[in-house]
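After this come two complexes, each holding chain A, first together with chain B and then together with chain C.
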Partner chain A sequence: MFKSLALPEYLATIDKEKCIRCKRCIQNCGWSVYSWGGDRVQIDTQKCVKCLRCYHYCPEEAIDILNNETRYKDNANWGFSHIRNIKRQAETGGMPLTGMGSDLPYTILFDHLLLDACQVTNPSIDPLREPMELRTYLGKKPAKIAIERDKNEKPSLKTKLGPQIKLDVPFIFSPMSFGSISLNAQKVLAYAAKENGIVMNTGEGGLHEDLFPYTDNIIVQVASGRFGVNPQYLNAGVAVEIKIGQGAKPGIGGHLPGEKIPLQVAKTRMIPVGSDALSPAPQHDIYSIEDLRQLIYALKEATGYKPISVKIATVHNVAAIVSGIVRAGADIVYLDGFRGGTGAAPNVIRDHMGIPIEYAVAAVDDRLRQEGIRNEASIIAAGGIRSCADAAKAIALGADAVGLGTTALITMGCTTCGKCYTGNCSWGITSQRPELTARLDPEVFGERLSNLIKAWSHELQEILGALGVNSVESLRGSRERLRGIGLDEQTLDILGVKPVGR
Partner chain B sequence: MFEIDAKGVYYRELNEDIRAAIEAGEKDIVLKNINGQYYIGTGITKKINITIEGVPGNDLAAFMDGPTINVMDNAQDNISNTMNSGKIIIHGHAGDVLGYGMRGGTMHILKGVGYRVGIHMKAHKKQIPTIISGGTAGNFFGEYMAGGTLILLGLDSKEGEELAGDYLGTGMHGGVIYIRGEVDKDKCGKEVGVMDTDEDDMKLIKEKLDDYCADFDLDCNEIMKRPFKKLIPVSARPYGNLYAY
Partner chain C sequence: MNHDYQKDIAGCGLAGLINKKKNPLSGSHIAKSMALMNDRGNGLGAGYAAYGIYPEFAELYAFHLMYDDHTSRMEVENHLKNNYHIEKTEEIPTRPVEGLGISPLLLRYFVCPLEDKVVGDMTEKEFVVNTVMKINSEMEGAYVFSSGKNMGAFKGVGNPKEIADFFLLEEYEGYIWTGHTRFPTNTPGWWGGAHPFTLLDWSIVHNGEISSYGINKRYLEMFGYKLTLLTDTEVVAYTLDLMIRKHGLDIPLACSALAPPFWKDIDKMPDAEKEVYTALRLAYGSAMLNGPFSLLFGHSGGLVGINDRIKLRPLVAAEHGDVTYMASEESAIREICPKPDKVWAPRAGDPVIVELEV
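Up next, the complex of A and B:
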């Protein structure tokens, strides 16, 4: 083995004066940066990914993880990662992989949108004293409803409503499979989903038996690999999702390498231990909207007509695609934007394909309204929701609810280091190594994630109150309550929002 | 025996009727005058028998777990999509994308099959799915195959004729394909190794064909006279060296 010429990204440093040689850093680092050198801790900084586990668990605060100040010569064209990636590729011949969503500085439209508020002429509402409805139902809504009255003139709904998923607050957890994340991480999601009356999603990895108690708060996923899919699985949750694409890797499939498939993962996916789990990019039974319709209805037939969600990556032509998906019979369309996270994706795909969620939600909502079919399906916006403000803006742009993936992982300790694909996550989130996953206590972190959802719910209520409305329903698609700041005319036009000052 | 006349009945009502009959304890259901209705047997988890007279539509037996279905005619596309267990016997031709993601059970087709048959078929513990076609197959036979057994017999083909189309076993990383005839290595995916069968293979083929021949009243010994080729993946990790870590 030759020494890699790719510069280390970080310098892991230990203050020798402070260090008491407790070796905790050695135990904690999933990437084996530290080893015992007989009388002191040795550091292999080339391996450090700046996940900061060691920093938090060093009892003497002796550790500092610095950015490597030794950079290639300043060059506005040839950036650090360009040069570093070329060197890595030259050394291995492989595609550089990455985890998490894109970290490149593309414009984030959420940061160029401002919400309205009430002053003087239209009163705001205090959510602490007045009811503020966040409940959201996902599923087809009738275009119009008919009411009938009994002999006492008591009204009731005559129209038969399609199946709905009831959410107490308009947040759901994004699909993350057992395999891509640990079982404990899935349990954290399940716990918090149940606590908050919302749902998590199994991703394409089957349903582990430990999650059976949570099935009222679970959406099960069917993707091209069909891992873990059987009639019991399809009927276990509140809905079934067909995964077509993922925002971080539109147009490419999933690939869980054999060495990351230990017994439990294999059992849940219903495949042999150690064989690669390939989810090919296309579902080979879907080549058209008609084919999609066929699968949607096969799943409805197999589940006694549960709601069916279709998850796609947002790509250039997203509005027309979603129109087709809705016409194919989907009850929910899950839009995963360009900045959405991943356990593993080639850099080249993640950073250069697809479109951000803000444009996609606006374009999709517009298109479905123009075609008079917006009521036919609920829209989930995901891929880059970092705060309740982002969530509120996405809802104002037209989403029914938002999906949280990375956000949920951050409550479990994730620092968005982006190295999930190695399976070494020191926080035990995107790893299957038992000594690492044991660190993630489902209840402790379930509480934290629950706290986050509660905090965001309060924030959303405050936002709605300030807007002078008393339900999230009133914010949905209400672009009049948004203004764009520092955006060009065309972008404003696509978003359907006015510039600030107008 | 319980008969349902499907003439002019929309698939949703038909399948509701079938499910109601199963609920009521019927074990033998005969569907008369079937004409392209979708999703027959889809998602059914009881060990019952369904006999279909006429040509059933797409997604027959999708996600099925247990039943035995006899189709007395040809059948269409997407049969036994992600099927878990049970048996399907088709007394004619069948279309494209058969047994997609199939994890268990058996599918016997008397005649030929279309494109993308047996793709992403898998195996899990005791569940080892089998598809046997008595005719020829289109392109992408056994694509992404991860487990189970595919057998292609070419009963009406001459000795030495090729029975499958291009891209045979592309992306295959598990399972085995037996073909009763010649295989052109150039038409196979690069993940596939082509070899002669050994004694164990012939034992397995015999076992599977005994069952197949019983379903269609064929002479198994006669069929076994012609040699088979065996296709298996050369690696369980076909895409191991694709990435820079």
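Up next, the complex of A and C:
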């Protein structure tokens, strides 16, 4: 085997003075960077992904993971990744894969939006002393309702409401399948979802029986591979989601390598052990919008009319597409933005296709309002929500709730190293190797994820209070409370926000 | 969708009274009550709405119009002539008041839509609303103060006493009156911008800044309303129009949609009621008026006062005989009714609804 000419990105180093030869780094590294050389730890730094597992678990703080200072000659045109990828492709003939959302420096509009606050003319509200409501219902809302009063003047509802998913706070966990992430990672999501009155999403990998106790907090997904789909599965959760696309890889299917398909995954997905689970690029029964309508109604019929969500990647024409999806009968539309995460995607797709979520939410919300159908479906904004501030801004742009994927994984130890597709995740999140997944204690990390949701909920309450409103629906779509900083006129126009100072 | 607007912000004082037996009351009462609250405004806007003042034209729409010049008057009058039978046209009587700036042309018309113009599914009321929208948004220099039957709005740039004197308010007799004084923070005075704000027989006087204005506006735009004034009050008026006239909610339910109960309280309700209030919040969440307000809305059948969900603006109510009073301050009530039978502060989000009995 020849030595790769692709430069290592990181240099794993061990301070020989501090090292006590305990071999914990060897044990902890999922990528086999470390091995035992008889009297000392040997390092194969080419394999290092800087997940920092060894760093945290070295009892002597002897390990440092440095960025490789050796770079190709500076060139404003030929960046490090361009050259490195070409070398890798020349050596392998393959498509460089990656995990997580795009890390390229495209403009992040969340960082160019500022929220309003109250001063004098309207009072701010103190969430520690006054009620501050975050409850959100996902599903079709009637444009108007009919209420009758009996002879004692007691009102009763005459309009039949469509099915709703009640969320205590406007956050949900993004779809991540068993297979792409470990069962323990899914249990962490399920635990925190239940704890916080929100929902997780199975992703396309079926529903493992260990998650049955959590089905009141689970949306089940139907994707192009139809993995694990059967009548019991469809009826297990609170809703069914049809996955059309994913922000990190719009237009292409799923790629779960056979290495990540041990028995449990295989059983849950209803496929042979070790076979590659490749979801087709399109759903082969959806080649057009009318086909989607038929699948939506087939699933409604199959589930006794549970809410149906349709997940799409945000692409150029997203507003018109969503309008079609809503008219096709979807109760929820899940928008996965350009920066959304993935377990595995070709670099070329992830980094160059789709549009960021901020534009998409704004354009979709506008279009649905122009057409008078905004009430017909709830909008989830996902793909790049990094903080409660991002969430609040997405809601102000028009989202009903936001989806959190990478954020949830970070609470489990993820450092966004982006090597999920290898199945070697040292934190046991995106691996199926039992010795690695055993590291992720569902209760311990369930508690941490739960803490995060609670923390963001408090933050959102503080934001609402500063805005002088006491309910999240008064922030939803209220773009008057946003200002753009450093944005050009056309971008402001698309977002429907004024510049700062106006 | 236009988002590059500058919203109008104002603090205020308000008062209202209603005689539920329809016994007429002179406009001098409300004027006196409002004059006491002079310090709640800054002289940049005051106004009144009165019901029952045009009994001789009770079946006709009374259009109160304001014009910047004769050109705009001609444009509007041409439009009215083509679409309405005009029973009477007259200048609204005024008297000169020292200190008041130059007033616009003020006219009133008693009209009914021509039958052949109200076609298809359109109701007469919708036709009138469309006329009002058209004049306000398309006809430069013209603005409709009010358009209801047997009612009218009188308003302008000045303090409450000046405006009352200017319009000879003491000469009108009505059974519902509301009054308002403004403290705008960012707008030069414009006669059309004063309260009350009206649509058909609805009139709103409002104290507060609706912190949810952004979504309220976008919500109403989805139903075809054009929000040209950029005031909270306009939002209130159109929201009520939507919920009550178009969607058929009764007044208490419309109030519950504007200032809904908290989820913690809804959760404790009996099932049928819980279902009603949950549905109200789901359907009208974007219409909820969030932030501080107290407001009075008058209509041909009565007067309603309501506060925001946590009572961030004042509202006091009192009763004396057949008359119910509501105002920002108790003193404004006692100024014209020194010994009320009952005085109370309505709870947050709990409307005071008074209906005419005859």
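Convention: the second predicted complex is superposed on the first by the 502 of 502 C-alpha atoms of A that agree within 3 Å, B and C clash if a C-alpha of one lies under 4 Å from a C-alpha of the other, contacts with A are read in each partner's own complex, and residues count from 1 in each chain.
We take it that contacts are C-beta pairs under 8 Å (C-beta built on N, C-alpha and C of every residue); 3 or more make two chains touch, one makes a residue touch a chain.
No experiment lies behind these values; they were computed from the predicted model shown.
Look at A:260: by the touch rule set out above, it reaches neither chain B nor chain C.
By the touch criterion stated above, A:274 is placed in contact with chain B alone, chain C being left untouched. When the two structures are aligned on the shared chain, A:473 is found in touch with chain C, with no touch to chain B. In the superposition on chain A, A:230 makes contact with chain B only, not with chain C. Shared contact residues of chain A with chain B and chain C: none.
The touching residues of chain C, counted against chain A in their complex, run 1, 3-4, 6-7, 9, 11, 185, 208-209, 211-215, 217-219, 221-223, 246-250, 253, 262-264, 272-273, 275-276, 278-283, 285-286, 288, 290-292, 309-310, 312. Residues 12, 15, 38-39, 42-45, 58-59, 62-65, 78, 81-82, 84, 97, 100-101, 103, 116, 119-120, 122-124, 127, 140, 143-144, 146-147, 171, 173-174, 236-245 of chain B are the ones that touch chain A when the two sit in their complex.
By the touch criterion stated above, chain A contacts chain C in their complex at residues 118, 121-123, 125, 130-131, 133, 135, 137, 141-147, 149, 154-157, 159, 161, 164, 366, 369-370, 372, 374-375, 467-471, 473-481, 493, 496-498, 502. Across the complex, chain B is touched by residues 88-89, 91-97, 222, 224-226, 229-232, 234, 255, 257-258, 270-272, 274-276, 278, 280, 284-285, 294-295, 297-299, 301-303, 346, 421-422 of chain A.
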